[in-house]
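Okay, so chain A shows up in both of these, paired with chain B first and chain C after.
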Partner chain A sequence: MTDVTIGQPVRRSEDERFLTGRGRYIDDINLEGQARAVVLRSVYAHARIKNIDASGALAMEGVLLVVTGEDWIAEGFGPMPTKTAIRKNRDGSELSEPPRHCLAIGRVRYVGEPVALVVAETDPIARDALDLIDVDYESLDAVTDAVEALAPDAPQLWDDIPGNLCIDFELGDREGVEKAFAEADHVITLDLENNRVTAVPIEPRGCVGSYDPETDTYLLYNSTQNVHAIRDTLAENVFGIDKEKIRHIAPDVGGGFGVKNSAYPEPPLVLYAAKKLGRPVKWINNRSESFLSDTHGRGQTSRVQLAIDNDGTFRALRTETVAGIGAYCWTIGPFTPTGGSARTQGGPYDFPVMYYRSRAVFINTGPMDPYRGAGRPEATFQTERIIEYAARQLGLDPIEIRRKNLMRPEKLPHKTSMGLNIDCGDFPKVFERTLKLADPGSFAERAEQIKTAGRRFGFAIAPYLECTGGGPKEFAGVAFGADGTVSLSVGSQSTGMGHETSMAQLLAARLGIPFERVEYHQADTDKTPIGGGHGGSRGMELGGNAVAQAAGEVIEKASGLAAHLLQSKAADLTFEGGSFKDSGSGASVSMVEVIEASFDSERLPDDLEPGCLDTGSTFERGEISIPNGCHAAAVEVDPKTGAILLLGYWVVDDFGTIINPLLADGQVMGGVAQGIGQVLTENIVFDDSGQLITGSLMDYGLPRADGVPDMVIEYYEGAPTKKNPLGVKGAGEAGCVGSLPAVVNAVLDALKEFGVVHIDIPLTSEKVWRAVQDQGAHDPKGLIEGAL
Partner chain B sequence: MQDFEYQKPKTVTEAGDAFNAQSDGSFLAGGQTLIPVLKQGLAMPSGLIDLAGIEDLQGITATESTLTVGAMTTHARVAASPEVQKAIPALAGLAGGIGDPQVRNRGTLGGSLANNDPSADYPAAVLALSAVVVTDKRRIPADGFFTGMFETALDEGELITDVEFPVAERAAYAKFPNPASRYAVAGVFVARVDGAVRVAVTGAGPGVFRAAEMEAALDKDFQADALEGIAVSEADLIADIHASAGYRAHLIGVMAGRAVDAANANVGAA
Partner chain C sequence: MPKIALSVNSQPVSHDVEGRLLLVDFIREVLGLTGTHVGCDTSQCGACVVHVNGQPVKSCTLLAVQADGADVTTIEGVSPDQGLNPLQQAFHEKHGLQCGFCTPGMVMTAMALIEDNPDPSDADIRHGLEGNICRCTGYQNIVEAVRTGAKVMRG
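For the complex of A and B:
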């Protein structure tokens, strides 16, 4: 039995289970008598469905059911609405939201869109039956590029949504920016692509559903990040039933990264089939289907403009973005390129004024929804790229101009033009510490050796600003068992991040009880009345604070019993180091003893019952917190081939109070690896007709361990936020936020002697090689001019 | 995936018989290519004849002049083999650079050659070293083995048993890998055997091919500098999202130079 403290690098207790194959993932769940479902997906990016003939499939032995869009509508089921927090166009009107049904109705709008559900005795039978469904399509022109989709003659996805425009959003001070642009010594302009990527969690999506006619209730096991919100959508929007009628459980989830945050069509289809057939139904997506049907992220084209004076002072920042969000508004699809990407524009720099405009556009591709960072990596990339580019254009030192413009701690609290309330932090300190760790001066000799070998050395530093919190409420329940176990149920969710360890650690440390006694539960709508799941780096910020609050309530309740046991007054007791102590008599009793006493009728006072220490507590946050930090990267580039090798990586993060540095490190490393993947090798590519070219891991280049360098990671804990009691700031996405510009700017630094100042991501070896051949020739206004 | 019969013969003869007994049989080696193809329904053989139980197809033997590798020898085993490392270190290095550890532990020399993927590594070694592909019926010289994209000189049901590699005076392989799959985007194997230089290029064209101009230049002077000014035509090269034909043409030149440098360095070290 071990005592743990807050801040201790407690090793992950779930890892033994995961690493020895004892994790219980969605495909490990099998219900008695289950049938198997497979989705028939559109092979066209845009087509009218003239007819669906499923008779061949239905005639096949073992096929139980085929559901089409027509059947779905006939049942009266509703569409799944977007829950974006940004709903207004800049002229005040409402965004355009087409109905998103679980199956295509009369028309398909992307390759991979569900057209029918087939249920059969086995998965192979269901898959074979797909070939026997005859869909008569009439192909229509498709558009997969968002800038092209805004053109007047572009194919139109929705008859009643002119110009394919979902939302036209703005934030900040447009006139102020224009004034600053007129006054500044320079306005530097660069069009940037933020390439479309997908998360590729190691466990594909899947679900198992059943229906109980006696109680008229559904049970849904689902590989998801957000059991409560998705249950609500299914119950209230799709089926029109009471939400208590669906119990939604996520077993161990093998990675989410935002991809499993969306309300997808397959789970309601599965529940419907289970009810219709009177037996459980299971559906598991394979990897190829995942590429087509998982939500993707990033995918923005932007013009970024920086007003800057000769001495390097930043005067204003303006960003105009066009982003394709797929053919429908997904769960928060319209939010990421608008509010999600606006808030942290300008990073930790002192920009007197900023303006952000963005249009979310319907295109004939699969859906876009949050992906780790959901807009903040994009914002940071835009800010840091234009700063680096301006430094190169004006012959300024990129490190110096950053240092010069960082917001000073004296300036805080400060509300930015993007409405973000930065309460605390010390950006210069974090910046200088990162530089000290990386020590670029020490690389001189190595850079020479690298050059002698025909390659080039590059280094860059990228401060970042984050904002985290996600859903604003969270629940934690604590229930004690007579056997000494403590059951902790939290509505936030781990999809691999290690809450089983960190939440238990927090509770054990606060109560002064052995860590091993805590049994952690999550992601079950029957176990917690509310829950915000996983998203927006909210685990510790919301879940952790809920646990801390619940611990406080337990201590409060326990102090009454402790007073009874010590024959003193609760008011005279102090709780420290896991024990209640009477300040007068000096007598003390430990929390463990108090818990034991709570199950012992001899020691319990008459007015208390066993279980009297149990509690359920809902925490509600105030404002979102503002994590920040700084990344630095060192690379070597082979100008003859364009190959890039990362040599070193340094990070200093301000996540406020660190509960478990080991787990925080894991978050940072994973995020950095995903950032490296995006900027170097990952890329979702469609051909002109809307077919996905990068539909397998043979073409979609995930980062590999041998391409990710060792990282030096430190935390600055000098500025815990007062926005929440624990003083924590979200840690889950920051790694992805800082790494995009750090790596790209380091590569460009390596190429400076060739005059290369810009390459759009991903920095494939061919693009790097061509940029060297072209000696930096590039068009800074080459991407979005036509759409402005 | 369609149902199929499964057999695991113990000898080459039994394998041939098993194949002939099937209406549409297929040999199974490491399964790294074949199994995904079956899963996608792109092939529906009536039966699989698993070669894993045939002792004679395993193993590595070396003489002064020839290195013989059994068809069922995995990439991992070739990479780690002291015999290969001594006789033709470039071949061990090539095998160690195929795909990833999982692929190397399953994939085999015979499977790779029979498949003749235009981006595979081994075909470059076989062609540059002028190896002989030995089958249950005959001996096929490398120059006549690779007949096109995923095409070989193998007849229906013909089984590769071994490959005989002449021990080279100098040899090296340089590969520029696809960032996702790690197959070759352009791979060049350079070898000097019995005084004659051969240069084989994989990954860049519709199938492995020899670079005659480079061979002629290196015959005169086996130095990377000798390749300078030799432009590879992009006309017959392939283009995809990872590399245009022009970039592949450029990479062939760079990889050839690096292979020559490595071949000369290998000798220096020995």
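For the complex of A and C:
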């Protein structure tokens, strides 16, 4: 009999090792004889490399190797291509993709771009040697703002890519929107910025690589979220070798949030150095370098327009975005501001028609790639901000107009003008439940008390709708051991979400076996033939369904053996509660006994071998699923100082079937905290010359324990999706999706008596204070006009 | 190279160290106690917190030579051979960790906090953990874990 069920808050198996310091993260891995690598990074945002003189470094004792871009090209290694799913411009032509090599070739295009790799006996020696490499740069004009980069006289990053334009994308019904705009009572316009931020997993990136000349194979340990896809890029695109030649393993990973999903230059450099030197090489990023070299996210400037009638009915939504993606397409840099942000425009509202246009633009900054939500937080932010803004402009109740326009369950399934197939959910029910939890009836008294103390109370509600993403296939393998252990290998990956527990829970519950017998494996290209890793809230949707499918196959196989043991026919057996039962004779045998029998030659029929119950199963997603829900936030703001305090936070989520509510809560809490961070303090800032101003944790404001409120979280489980057998919708990113507009709109609600209608995030005390001083003076067309 | 002698997790340790070696690197690389983590280079994150003479200290802010003669306790030193101590148990029960990278530092800071204040309010806990960044949990379950752990430890 099993001891776990689906839906149970099973405590995590991985906790003990993490709590006692026995986790094994990348920097805890040391290979015999390893050398240490560090990267020399560009100090210019844009410059020609006239010469690199590494002789001083090479002369230093303990320095083993210096690799430059010229060396790299001479080896014949290829660039790393983008894998964006969106590749076409509006006119049908292909996007512009410059070659991305692991080291700069002849020209640097952002501060932090790798210029050379130094390998030495120790990390301190390698770092000291960086200073002895003489790079002769000829500085060029740089542009770090995407709207400016589109101007005709802007510095050009790529000689063969005119206007710095990577892709000009559109989706939806442009003419339909124009018609609705002409007919509606009002068209409300707001330019807004979704500021550039970065994920900052607390474990910095790093890798350790080795090469075995006998087998001509590489071994790469890497703090990554995506071992298979990155292995493929390194093998097929960079080195031009069979992918089986690289074994890629992620040990315990200290957070990812999208930033560890990318194919970065350091791992191939490390593998190359390991082969060249004939010894393992280790590279660990430090935090300041992480800010320069990790991918960043969000960073969109948009004009959002809402056509709305006097009675509050939404008629149409149009968004035009400009997004700087850095100097390269990176892994899927062009995707987030285009397809990633387009699909969930309009959220759970009944918009008859929508149109989205977006341009991804090359700028002289480090790369952009997915950050938790990858476009859906941006879309929800655009949608919810324009609704709130319109309500304020037109004197409508922001809660009422949302209620009025939410899609009714009878309308589902419904395909939006963005092509998103919304299959199920009950948005009004989730909305009303969130409001009830927040208890707006109690606000008046509270607001009064707060006002007496010189501050102001604000509240906002933000329904959201998002979608899953990431690789569409997943593998789960189940192998039984004679000692009773069950090895489960899954191609999706946890970087903290707890799959070691939830996937094992799912398998144990389905098979009816003890939970602690399951040994979970992930993130190793030798353990699963394919794997989509982590990203797009795909863990349960892909990995979970693969596990469930594999469990089904095990049950199928086991029923044959059970029939043999019970001397019945497999067709007469039912499987329930972990036992096979013959409906005729009433005899039964448990899965645990069947597994035991599968290793007992006495009980096995002649045509079966030990291990006959093992299976490997590939699940393929039909269609992405639609997590949705509603967030609400209450804040107090001090108009004299601009300080913001979060008073309460409420969430109701529809993630479909919940496998483990404890872990789902953790995902929501963490995602909301990251959203709060972006709204209040997090911000990536470059100066005009392209230097990163917020290059350390002293300058980049992460939320701390005293800045995040307690949250009340509930789930609506009345609408499991039929898009996948488990009925799950994805839980990993939703916290980030709903929290941006909920918090911003609550702060603006608190400031309404001062006439403040809009402040671009982050809402620093200074910006809030200034907005109050300026009594809300604000140009709604102040950001993007020049680029339209 | 200066020689230092200190106690780490109640074991006497002595070693020649480079003057520029940080205590955290001494703990991790020389002693191989990898439960203490490095999350930043500006003493902001708290992943490296250990106890030095009973006080919680970010071990990236001290040179190893400054710990000469000190009594150092790391996460390994507060963990039972089997299972978890009461505060660790509370983190487990309350799901106060996800990726686990901040966790040893959190536990070390929280243990010192409870020692100082056996019955902390939520505000005390949040204030006390301000020097430890967690990017995964949103802190709520950590606060609950510390409150619960303190209660168990009060008996």
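In this text, the second predicted complex is superposed on the first by the 785 of 788 C-alpha atoms of A that agree within 3 Å, B and C clash if a C-alpha of one lies under 4 Å from a C-alpha of the other, contacts with A are read in each partner's own complex, and residues count from 1 in each chain.
What we mean here is this: a residue touches a chain if its C-beta (ideal position, glycine included) is under 8 Å from a C-beta of that chain, and two chains touch if they have at least 3 such contacts.
Given the structure is predicted, the values throughout are model-derived calculations rather than measurements.
Trainee: Looking at the overlay, does A:Pro124 come into contact with chain B only (first), chain C only (second), both, or neither?
Mentor: After superposing on A, A:Pro124 lies in contact with both chain B and chain C.
Trainee: In this superposition, which partner touches a larger number of chain A residues, chain B or chain C?
Mentor: Ranking chain B and chain C by residues of chain A touched puts C first.
Trainee: Kindly classify A:Glu500 by the partners it touches after superposition: chain B alone (first), chain C alone (second), both, or neither?
Mentor: Once the two structures are laid over each other on A, A:Glu500 reaches no partner at all.
Trainee: Is A:Met698 contacted by the first partner chain B, the second partner chain C, both or neither?
Mentor: Once the two structures are laid over each other on A, A:Met698 reaches both partners.
Trainee: With both complexes superposed on chain A, which partner does A:Asp252 reach: first (chain B), second (chain C), both or neither?
Mentor: Second partner only.
Trainee: When the two structures are overlaid on chain A, which partner does A:Arg12 contact: first (chain B), second (chain C), both, or neither?
Mentor: second
Trainee: With the two complexes superposed on chain A, say which partner A:Tyr25 touches: chain B (first), chain C (second), both, or neither.
Mentor: second
Trainee: With the touch criterion stated at the top, can you tell me which chain A residues are shared between the chain B interface and the chain C interface?
Mentor: 124, 697-698, 702, 704
Trainee: Provide the residue numbers of chain A that touch chain C in the complex, in ascending order.
Mentor: Against chain C, the touching part of chain A is residues 11-12, 14-25, 27-28, 124, 199-204, 252-255, 257, 286-288, 495-498, 662-663, 665-666, 669-674, 696-698, 702-706, 708, 710-711, 735.
Trainee: Can you check the complex and tell me which residues of chain A touch chain B?
Mentor: 124, 640-641, 643, 680-681, 683, 685, 693-694, 697-702, 704, 764-766, 769-770
Trainee: Looking at the complex, which residues from chain B come into contact with chain A?
Mentor: Per the stated touch rule, the residues are 1, 100, 176, 178-181, 183, 241-244, 247, 250-251, 254.
Trainee: Okay, in this complex, where on chain C does chain A touch?
Mentor: On the chain C side, the touching residues are 18, 20, 28, 33-42, 44-45, 47, 74-76, 79, 83-84, 88, 91-93, 95, 97-104, 107, 122-123, 125-127, 129-130, 132-143.
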